[in-house]
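Two complexes come next, and they have one chain in common, chain A, joined by chain B in the first and chain C in the second.
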Partner chain A sequence: MKKNFVRAFCAFALASVAFAGSTKVGFVTDVGGIDDKSFNQSTWEGIKRFGQENNLTQGKEIKYLQSTAEADYVPNLSTLADEGMDLVVASGFLFESSMGEVAGKYPKQKFLIIDSVVKDKAGKTLPNVANAVFAEHEGSFLVGVAAGLKAKADKKNMVGFVGGMQFPLIEKFQAGFEQGVHAVNPGCKVLVDYAGTFSDPGKGQALAAKQYGAGAYIVFQAAGGTGNGVIKEAKERTQKGDVRWAIGVDKDQYNDGVYAPGKSAVLTSMMKRVDVAAHDVSAMVRDGKFPGGEVLVFSLKNKGVSIPGTNPNLPADITKKIAEYEAQIASGKLKVSEVPAKQ
Partner chain B sequence: MNTRSKLFVPLVAILLGFVLGAAILIATHRSPIDMFYAMLQSVSGKNLRADTFNPRYIGEFVVQSMPIMLTGLSVGFAFRTGLFNIGAEGQLMMGSIAAVGAGLWIQAPPVIHVILVLLAAMLAGGIWGAIPGYFKARFNVHEVVVTIMLNYVALFLNNWAIVEVFKSVDRIKTPPIPPTALLKSDLLAQLTNGSRLNWGFIPVLLSILVYWFIIEKTTFGFSLRAVGFNKDGAQYAGMKVNRNIVSSMVIAGAFAGLAGAVITVGTFSFGRALPAAEGYGFDGIAVALVGGNAAIGVFFSGLLFGMLKAAQPLMQSQGIPKEIASIIQASIVLFIAMKLGIEYLMKKLKPRKAVTEEVES
Partner chain C sequence: MSILLTMIPIALVYATPIVIAALGGLYSERSGIVNIALEGIMMVGAFTAAAVTAVLEPSTTWAAYYGIAAGIVAGMIFSLLHAFASVNLKADQVVSGTALNILAGGLTVYLCQIFFDQQRTNAFTTGLAKVSVPGLKGIPFLGPVLFMDVYSTTYAAILLVLLTWFVVYKTPFGLRMRSCGEHPQAAASMGINVLAMRYTGVIISGALAGLAGGAMVLTQDIQYTLGSIHGTGFIALACLIFGKWNPFGVLGAGLFFGFSQALSIYAKDIAFLQKVPLDFFYMLPYVLTVIALVVFSGKSVGPKAAGELYDAGKR
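And now, the complex of A and B:
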């Protein structure tokens, strides 16, 4: 009996799924770690919510593995597959090639990649991988509108954007933001800088200091951990009486910008609901409706990207204007470009 | 006494490191037994609890050990000449860039192509090592400062080259390197249930042999060591100290450059833009220290730290945070640094009987 198990390890791993009643979800972080205040953390929150709804034990039925280097992605994904998780989730386009590699080796394992589309050499999606992507440019357009109107209201004429690494994905944030600003405030200048890293708050703060120093009133950061430095700089300046704003990304970062009771330097946030993607696809697996090979687009229309429900720092007329644009984009009346205009 | 303590101190340090790691786990209400099971599974492939065997873990264990053995050799070699090479990380990245270049631009038959890739990586790493060596020899600029700074230069050079030179479409990875230039092996992957095990272990083992041979068996190695022991003495004895410093850094850089190739054309099959340094160079410092800068020592300590890395997925899956492995690694290095203390304790504790007998007689 025991020896049979030894010989058929893979069979065992798959069989264990069959007699376990609950839906087990495993998550692999990238090098940013589980507490990156960005999409790793958000994804895990979505999985935790799924776990609470279904009474799953954290550490057994839902669990995460953190990666120290890119070389860890493949063994981490493989280990979760070996353990017979029902769904293995990875967040971030950095996982694209490793997910493709592991999905090929475990054709019966269900995978979800967030923020990217895994394709084989022929350019086709894989039947055992669900792909969740976001319309970041649409959400960024809305915070661009907020920045443009807020600058106009306070008689300022310059805003800024700080990105993590300069990839097409992050350029979608920049593109949407610029279009949003210019839609309501055509003369407003938008400074653009890329930090080259997602994990260096010091660098984020330095770039924010540069942009604020040059006269930018509001800076939108799409830079993960690096962006925390942008918020810090806005906080420090505002505290000293030099009022500046930051716009958060991925989650509602209002609380990260709090510098005094009830006061935050975060104007609003471009929420990218990776938690919704992770939660919903987990639920689909539970219900036997795994969208393998499909590309799920999370946009303004299905609230996959949005601004927070409450924005204490935005006056009512601005939120009203944002809602108008939101309706136009969601209905398809207004198209937002994914690519920044060439300077 | 001396040779015995050479082996004894690292073993005690390793033991203490694991004891400390286990103590922290107990203090935070986790089971150290889980940790040891995970480590055992990562080296043997055998899961004692479920009684299953999966050779993929053995393969990944070797994959994790290979680059840090090479960076360990790099740090160790420089150390033998009295130089502290913090720059293995940067030399590794330069090796990686060269490996991508040689892989993409050269066309050659299978085995020859891989060899050219490895040589190109060693050359690039060697050149990157030569720079701090030259500054040290010519202007007496401390190699620690230069190598640390060159790590950043290499990182940004790498990220620039991936996009601008190798024309990455998605800005994070280069086009795939052709199979002729890869160390990958279907046979080894099949043997280990689809792990990433590759032919990289051959250059790694050869490097360990070469290291041993140069250091222990050649006059060149002897004069390098002499410079390490006492620079002025070596100079007085008529050795070319400055030339030795540069050659030592070149060879150290070549080992690290080779590690870059093993990662790029072995573990991966494309060049990668890096958001930050990946720590192979720093792991190399730990490997060299624990291995006593000796070839065989680096081999075993490379396996040890490779195991700590390879056990990560299994340990985390048991709810043991990844930081525990870092704590164990760091505390082993700390205990090694307390070498004198351990030796003193050894002397105090062990032969007490012998001493008292002597006194009585």
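And now, the complex of A and C:
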């Protein structure tokens, strides 16, 4: 009895030392690498910000491992777990199965998956994995407002949406965008096309050419690499004097749309703030409030989705209007549906 | 009808890199070397073209053309590996080609990392833009379809088809090259340097595949990424077989594929096709290619000695 008590006391003492020390956060990249200007880089920036706020040393208390192939995911996640990180983070649905596997082997280790949900065979979330997802429909609503107002200001009456593949996640983008456009410009037509692929810029370009040709003034693409073709078509037409706009996705794509010094064909972007998710969950672990097994939704309310801080292509009256809608959605006064209206 | 007219320019954009790369394959296989590395060479050409364009654009308006030229040179240099492995080292041509395809992905991303500090090249501002031919674009019906807003690379592809037909069938060089692909020992007995001929064939195919890759990235994309070529080299290979190793056949096969892609884009807007699930049209180009290959493969006669090691002593 006494022995047990001593043991428990020691464990407690050790635990509190660890707690008082620091919160160690490890991050595993996917094959895109740490500087992919997208999810990996953004997630790492969130962790670095957490590190700076808590005086953590990079490479020791916060560190990342790069994956060069899909086969690296499981070993990399396991390595960080073996090193005794307080939280192991990975970004993207590519990690769904590997994190499920590793989390099962390390039931005491805390994990965070961003932009995906890890489930076991019975369809339940795992108690040691926190899942961060995004309210894409809310961010898409804001870029929809931007498109609707911009079209109205320039006396145009049609915009478009190009999705990667048609399944509920991408339909959230479409639904939010349509509602945003119609909220400020009820008569505006929204063309919708799905490319069936996230990696064919040629197809994105062809779909954009079709929509712009039919009269669409602004096209919102939620299509990964396919979306690059949409931006290319917008740039080309604008350069020739036929002004058209594209809207970026996931990150601020303003630079991808630059066609002349200081001029970009990207109107604004619907950003998923994976950095906010990584940072906030790290802070929860530090405070002893790890949301294991929960699905956290990062929405407008907690700044998990947003438009970029600066939008050189949007006039002040439009950004003001967007901010108004943002406040309404964040406060819950305005609800955005996740499902597109039936045609 | 109006939908059909708007489909033509889209089909042409799609067909252009396929036709150019397939012509590259034609030179190589006619000289007796199977070149399944078209995909990899296109990636190297695309990377080089995109990188050079992105770097030069601030200083010259001709950046995209320098980019294309650099892509051609890079394709030639990269294809030398295939020529060296399959001619000098007598390696299995399919294995060597596969190695090049795998190498290209890693190599281009590695070079992006070195030059641009990321996994892709920087975004170029324009790349190649569509052009209109003054005068000709006024022709009723044909004008808006063929001479308005077309990429210059599409015209290059059509010129290359004519040029290839002339070179392969109407010049002594073409005759010698074909003989090396049909019966190299007989060609050698007539004093033709089979090894030099095969080197030439592979290098020309490298130049054309490099051009195809450059054309593709500069017309359809905003930067080179690992997914920029996404299998187009393999489609080109299928078009080469489907087109029976003949330049005009290749053009037809390329246009056929381009049209089936365009159809997948417009199917939603054609009344009687609306009931069909969209996924059907996503796979249509590939299914049609497979069907066409099966139907025509019995009759398609490739160069007899393509893929065989050249053994000067064999009778």
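In the analysis below, the second predicted complex is superposed on the first by the 215 of 343 C-alpha atoms of A that agree within 3 Å, B and C clash if a C-alpha of one lies under 4 Å from a C-alpha of the other, contacts with A are read in each partner's own complex, and residues count from 1 in each chain.
Here, contacts are C-beta pairs under 8 Å (C-beta built on N, C-alpha and C of every residue); 3 or more make two chains touch, one makes a residue touch a chain.
Not measured: the values here are computed from a predicted model.
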| item | value |
| --- | --- |
| Which superposed partner A:K235 touches (first chain B, second chain C, both, neither) | second |
| Partner chain in contact with A:D72 - chain B first, chain C second, else both or neither | first |
| First, second, both or neither for A:K150, with chain B first and chain C second | neither |
| First (chain B), second (chain C), both or neither touched by A:P201 | second |
| Contacts of A:K251 with chain B and chain C, given as first, second, both or neither | neither |
| Partner chain(s) touched by A:G59 [first = chain B, second = chain C, both, neither] | first |
| Touched partner set for A:H279, first chain B, second chain C, both or neither | neither |
| Partner chain in contact with A:K210 - chain B first, chain C second, else both or neither | second |
| Which of chain B and chain C A:D193 touches, first, second, both or neither | second |
| Where chain A meets both chain C and chain B, residue numbers | 166, 196-197, 199-200 |
| Interfacial residue positions of chain B with respect to chain A in the complex | 50-54, 56, 60, 63-64, 156, 159, 170-173, 193-194, 196, 263, 267-268, 270, 272-276, 278-280, 309-310, 312-314, 316-317, 319, 322 |
| Touching residues on chain C, where the partner in the complex is chain A | 6, 9-10, 13-14, 113, 117-119, 123, 125-127, 129-130, 216, 220-223, 225, 227-228, 230, 261-262, 264-266, 268, 278-279, 282 |
| Touch list for chain A against partner chain C, complex | 32-33, 35-37, 166, 193-194, 196-197, 199-203, 205-207, 209-210, 213, 225, 228-229, 231-232, 235-236, 239-240, 255-256, 258-260 |
| Chain B-touching residues of chain A, taken from the complex the two chains share | 2, 5-6, 9, 12, 31, 59, 63-66, 68-72, 74-76, 78-80, 82-83, 93-94, 96-97, 105, 165-168, 196-200 |
